[in-house]
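What follows is a single structure, and I will ask about it in a moment.
Chain lettering (A, B, C, D, E and F) follows the sequence in which the chains are written, and residue indices restart at 1 in each chain.
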Amino acid sequence: MIALLVRDLRLALRAGGGFGLGLAFFLILTVLVPFSVGPQSTLLSTIAPGVLWLGALLACLLSLDRLLALDYEDGTLDVLATAPLPLEAALAVKGVAHWITTGLPLVVAAPALGVLLNLPAQGYGWLVVSLALGTPALSMIGTFGAALTVGIKRGGLLLSLLVLPLYVPTLIFGAEAARRGAVGMSVETPLILLAGISLGCVALLPFAAAAALRMTIR
Amino acid sequence: MPDLGKYAGEVLSAYGISLALIAVLLIVTLRAGRRARAALKHIEREGSPDA
Amino acid sequence: MSLRLRDVAVARGGVPVLSGVNLRVEPGNTLILRGPNGAGKTTLLRTIAGLQPPLTGRIAGAEDTVAYAGHADGLKAMLSVAENLSFWARIYGQHDIGAALDAYHLTQLQDRLAGSLSAGQKRRAGLARLLVTGRPLWVMDEPTVSLDREAVGWFADCLRAHLAGGGMAVIATHIDLGLEATVFDITDLRAAPTELLGASDEAFL
Amino acid sequence: MSIWEYANPVRFLALSAKVQPYAWGLAAVGIVVGLVWGFFGTPDDFRQGSTVKIIYLHVPSAWIAINAWIMMLVASLIWLVRRHHVSALAAKAAAPVGLVMTVIGLLTGAIWGQPMWGTWWAWDPRLTSFLILFLFYLGYIALWAAIDDPDTAADLTSVLCLVGSVFALMSRYAVLFWSQGLHQGASLSLDKEENISDVFWLPLVICIAGFTLLFLALVLYRTGTEIALRRARALTARQERVA
Amino acid sequence: MIALLVRDLRLALRAGGGFGLGLAFFLILTVLVPFSVGPQSTLLSTIAPGVLWLGALLACLLSLDRLLALDYEDGTLDVLATAPLPLEAALAVKGVAHWITTGLPLVVAAPALGVLLNLPAQGYGWLVVSLALGTPALSMIGTFGAALTVGIKRGGLLLSLLVLPLYVPTLIFGAEAARRGAVGMSVETPLILLAGISLGCVALLPFAAAAALRMTIR
Amino acid sequence: MSLRLRDVAVARGGVPVLSGVNLRVEPGNTLILRGPNGAGKTTLLRTIAGLQPPLTGRIAGAEDTVAYAGHADGLKAMLSVAENLSFWARIYGQHDIGAALDAYHLTQLQDRLAGSLSAGQKRRAGLARLLVTGRPLWVMDEPTVSLDREAVGWFADCLRAHLAGGGMAVIATHIDLGLEATVFDITDLRAAPTELLGASDEAFL
């Protein structure tokens, strides 16, 4: 399992920096928002927590596409499915690797981008906390979606279509927590619910993903 | 025709759109169904998908 | 432990392809599958490897002993040859990749990225993967594609060593590998279209 | 005789052939009577004016939209557990019907919203959950369309339906938490206090029954179509192998 | 050339409906915005034109990924590069096919999504016009980006990263036009500039893309 | 028109692979490239096809006459065999795909999606593509991979017909195709690492 994790991380680092790219997308998106909605700073600071959460979500989403597709194409998945490692564990590890290469950098970078959007000072802490609690769910849901669509040519957009509605609860609670944090309201309830979703996803979705994957490579 | 008052546009368009959508659904369903059944019958008889 | 298939039928895309496959491979032996294009060799091999369930019949002795090498090599273009092999070694709980590198004369190439190898070099690295699995049953789909003659010889040497150590192999190929092996021709096992084997489309026939 | 006998396509088709005429007929009667009665035979509401008449389309379609998904969930479970092909095909057949009903619910609601709330659309929890349901239908249908092996498609869409249902429920709670509503609560409930008045009630119930029967008839017919397609596919594939 | 166009359109239709999917992504994105910034309708209607433009841009972007990648993997590009059809023409056709399958549906669907975001009534016309003028540029720039990144494994994110800055001018003028339209200001200048960008892109970028592609497949 | 390579050197990944390649193929002739794995056959073929420029030397007679068939088949999984072939036919300004289908016995399979073919069937469809290009010079990289014996025979027939019509072919292969052809062994043309040929890394040597 550690071998798989190490390999995935190494690949992410090497293949044109999977690390940096999710981040870069996040950055560019945040930069594009003022271009598209206009430069008024009050407006920007109102929508800042939401935009940052949406950006994080999209950065995750974009990188899902090839989470399993490359392994499928070069035959790695066939071999993994016959290897001693249970497929559930393999997929959980892949989810974790995805989180480390995409979710974690986003969590770390979000405050810097908050500055660009005039996020109120009190909002930074809760933004980071909510992203840290929510992004693992995004990665695991994404792994499930990738397992569903892996054999499909041009699966990228289909994957987005399937995964985005599944992201809704996470996004609602996460963005709500960040928003409440930014205006100084209590954030407990959404944070607890967010943590619950993340836990549930990490605990259960690898099984669903492995079941789906066994069906696709059959 | 009942007097629909100032909301005539709304009510009628709601009925129009809904009934039209249902009609489209019915037509598509029936057309696809006929075609599939005819193709099947053809295959069962001729033993070949085309021609 | 030997590999046994009893009355196995396999399907591809919901349609039965082969039926009534009975075969047995004992330790130390190789079985070569032959049959024209589209006969169902790949399908049968995937079934033996456990990647798809058989329609009917039983397969004994494959689970947890099989190492599968399909048309694709399972190499990552952005990892070096040595990294690729050590990854697979660790997945199978092994450590040493030196022997595998030597067997296919890959030591020179071990630090090259797998993506920058020629077709035959890639295939050699893919075959070397079987050596690091430590598994007794090798299931291989056209293993010598794009290998030059010398490399085919290395492959034959490896295989002989594996068999001598009590291993088994099932190989689908169109080429004469110059090995001493039982040949199993699947041409006549083509499933009759009317046979009822429990394929997924049968309820509709 | 167990109910699973009807999982056999031939038996299913036989039964469906018997049921279908009644389903189509009663559906037509129910919808025509309900809508005509509702449209011509009921008074305007004192607050909403003639717009109440939209209820005869809005509520039945919303009802079908939700229950079609539940039916697909059950059918998916049956497929995953017992692998009855008819069940998987019925789920496939129901999805586009559910989608159209969702669209009708959304559109009639939007048209109704303009005079009542002064806006086509508001991010009210019920409206929002309905929109999410729409997305689930889209994803489900797209997944069916994208996979060419029918059994794999059935497997994967079933898994999606299961997982999706769980997430749809979570979304429902999330949405309730996130926004307060404009939309009326359940008024067809058995407890009489909040019920809409009896004049509207009876035609509405007839409409709901009519829509339900229409759904039944459509799903039966469409399942028959799917079976025909599968059978044609099976026969062609076998013939190719002979040749 | 027509053969290529027909084939691309047919593939888009067949491979799980490339037609519908860009659209579906656009829809989903529009739906997610209220979840992230909150349900207040005045806020939403202020940011509506910008969000719709951004959504259209991202829907284009996501579908670029496989514009050339699939053809590269299965060897089609190698053959196209040696075929009698000039590569410039082939890429222009691919751009057009991308626009028909992605840009055009977005233009048509944008008004419906405007409703979800409470776009002011006067904004619809200009939104559609600006999208119709701007999306061809998005498709052509995307083709160029795809040509640059084609041989690269996991190129998806890199592609986004390269293309997003190139999208900035189009986005600025397009969103500006839509925003001014929504509040009833004059939209002439941004629209003219937008049309200029589109024309320039369509006329010149196929050459740049072909040059880039010749280098990548070398 | 014949194909001529004069003093050609080719590089892969910035490193010179072959140098001093001189060869000539006349209409009606086949040239078979031989050499061990990694010798540079694929690189040379891609250069002839115009997919990469030679480092030095000149190639005459290839441009606009070449049809290239590499390791990948250029088939779309989601299009049927007939659709794939007619697409390529139209790109090359041809119309008729019937002859190509017949030559590789694909008529039965013409309505199957290319993605659902077996490895050998796919390859046959890929080779049939050469017939619809109408081009005189076929450049092929290991064309008979995964073909069964019968199909190799069909390939040989096609090739003979093509040559009889004044066509030419350059083929890289490790297998004996049983064709009458000039064999060109590139083993000894390996570029010496010290040779200065204008490769991209030379400025740094």
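Operating definition for what follows: a residue touches a chain if its C-beta (ideal position, glycine included) is under 8 Å from a C-beta of that chain, and two chains touch if they have at least 3 such contacts.
Which protein is which chain? UniProt says A, E = Heme exporter protein B; B = Heme exporter protein D; C, F = Heme ABC exporter ATP-binding protein CcmA; D = Heme exporter protein C.
Just so we're clear, the structure is a prediction, and the values are computed from it rather than from any experiment.
K.L.:
Can you tell me the least number of steps between subunit B and subunit E, where a step is a move to a chain it touches?
P.N.:
Steps on the shortest route: 2.
K.L.:
Compared with subunit E, which chain's mean CA position is the farthest off?
P.N.:
It is C.
K.L.:
What is the distance, in whole Å, between the centres of subunit B and subunit D, each centre taken as the mean of its C-alpha atoms?
P.N.:
Between these chains, centre-to-centre, one finds 16 Å.
K.L.:
Taking each chain's centre as the mean position of its Cα atoms, how many Å separate subunit C from subunit E?
P.N.:
44
K.L.:
Averaging only over C-alpha atoms, locate the centres of subunit A and subunit B and give their separation in whole Å.
P.N.:
Here subunit A and subunit B have centroids separated by 41 Å.
K.L.:
Can you compute the centre-to-centre distance for subunit D and subunit E, using the mean CA position of each chain? Integer Å is fine.
P.N.:
The answer is 34 Å.
K.L.:
If a residue has to touch 2 or more other chains to count, which residues of subunit C qualify?
P.N.:
Residues 13, 71, 77-78 of subunit C touch two or more partner chains.
K.L.:
Show the residues in subunit A shared as contacts by 2 or more other chains, in ascending order.
P.N.:
Where subunit A meets two or more other chains at a single residue, that happens at 15, 70, 73, 152-153, 155, 158, 161, 164-165, 168, 172, 218.
K.L.:
Multi-chain contacts in subunit B: which residues touch at least two other chains?
P.N.:
49
K.L.:
For subunit E, which residues count as touching subunit F in their complex?
P.N.:
Contacts found on subunit E: 2-4, 7, 10-11, 14-15, 70, 73-76, 78-85, 217-218.
K.L.:
Under the stated contact criterion, what part of subunit E meets subunit D in this complex?
P.N.:
Residue list for subunit E touching subunit D: 15-17, 20-21, 24, 27-28, 31, 34-35, 38-39, 41, 44, 115-116, 118.
K.L.:
Considering the complex alone, what residue numbers of subunit C touch subunit D?
P.N.:
Listed in rising order, the residues are 13-15, 17, 190-191, 193-194, 200-205.
K.L.:
Mind listing the subunit C positions that touch subunit A in their complex?
P.N.:
Listed in rising order, the residues are 46, 49-53, 64, 66-68, 70-79, 83, 86-88, 90-93, 129.
K.L.:
Okay, in this complex, where on subunit B does subunit D touch?
P.N.:
2-8, 10-11, 13-15, 17-18, 21-22, 24-26, 29-30, 32-33, 36-37, 39-40, 43-44, 47-49
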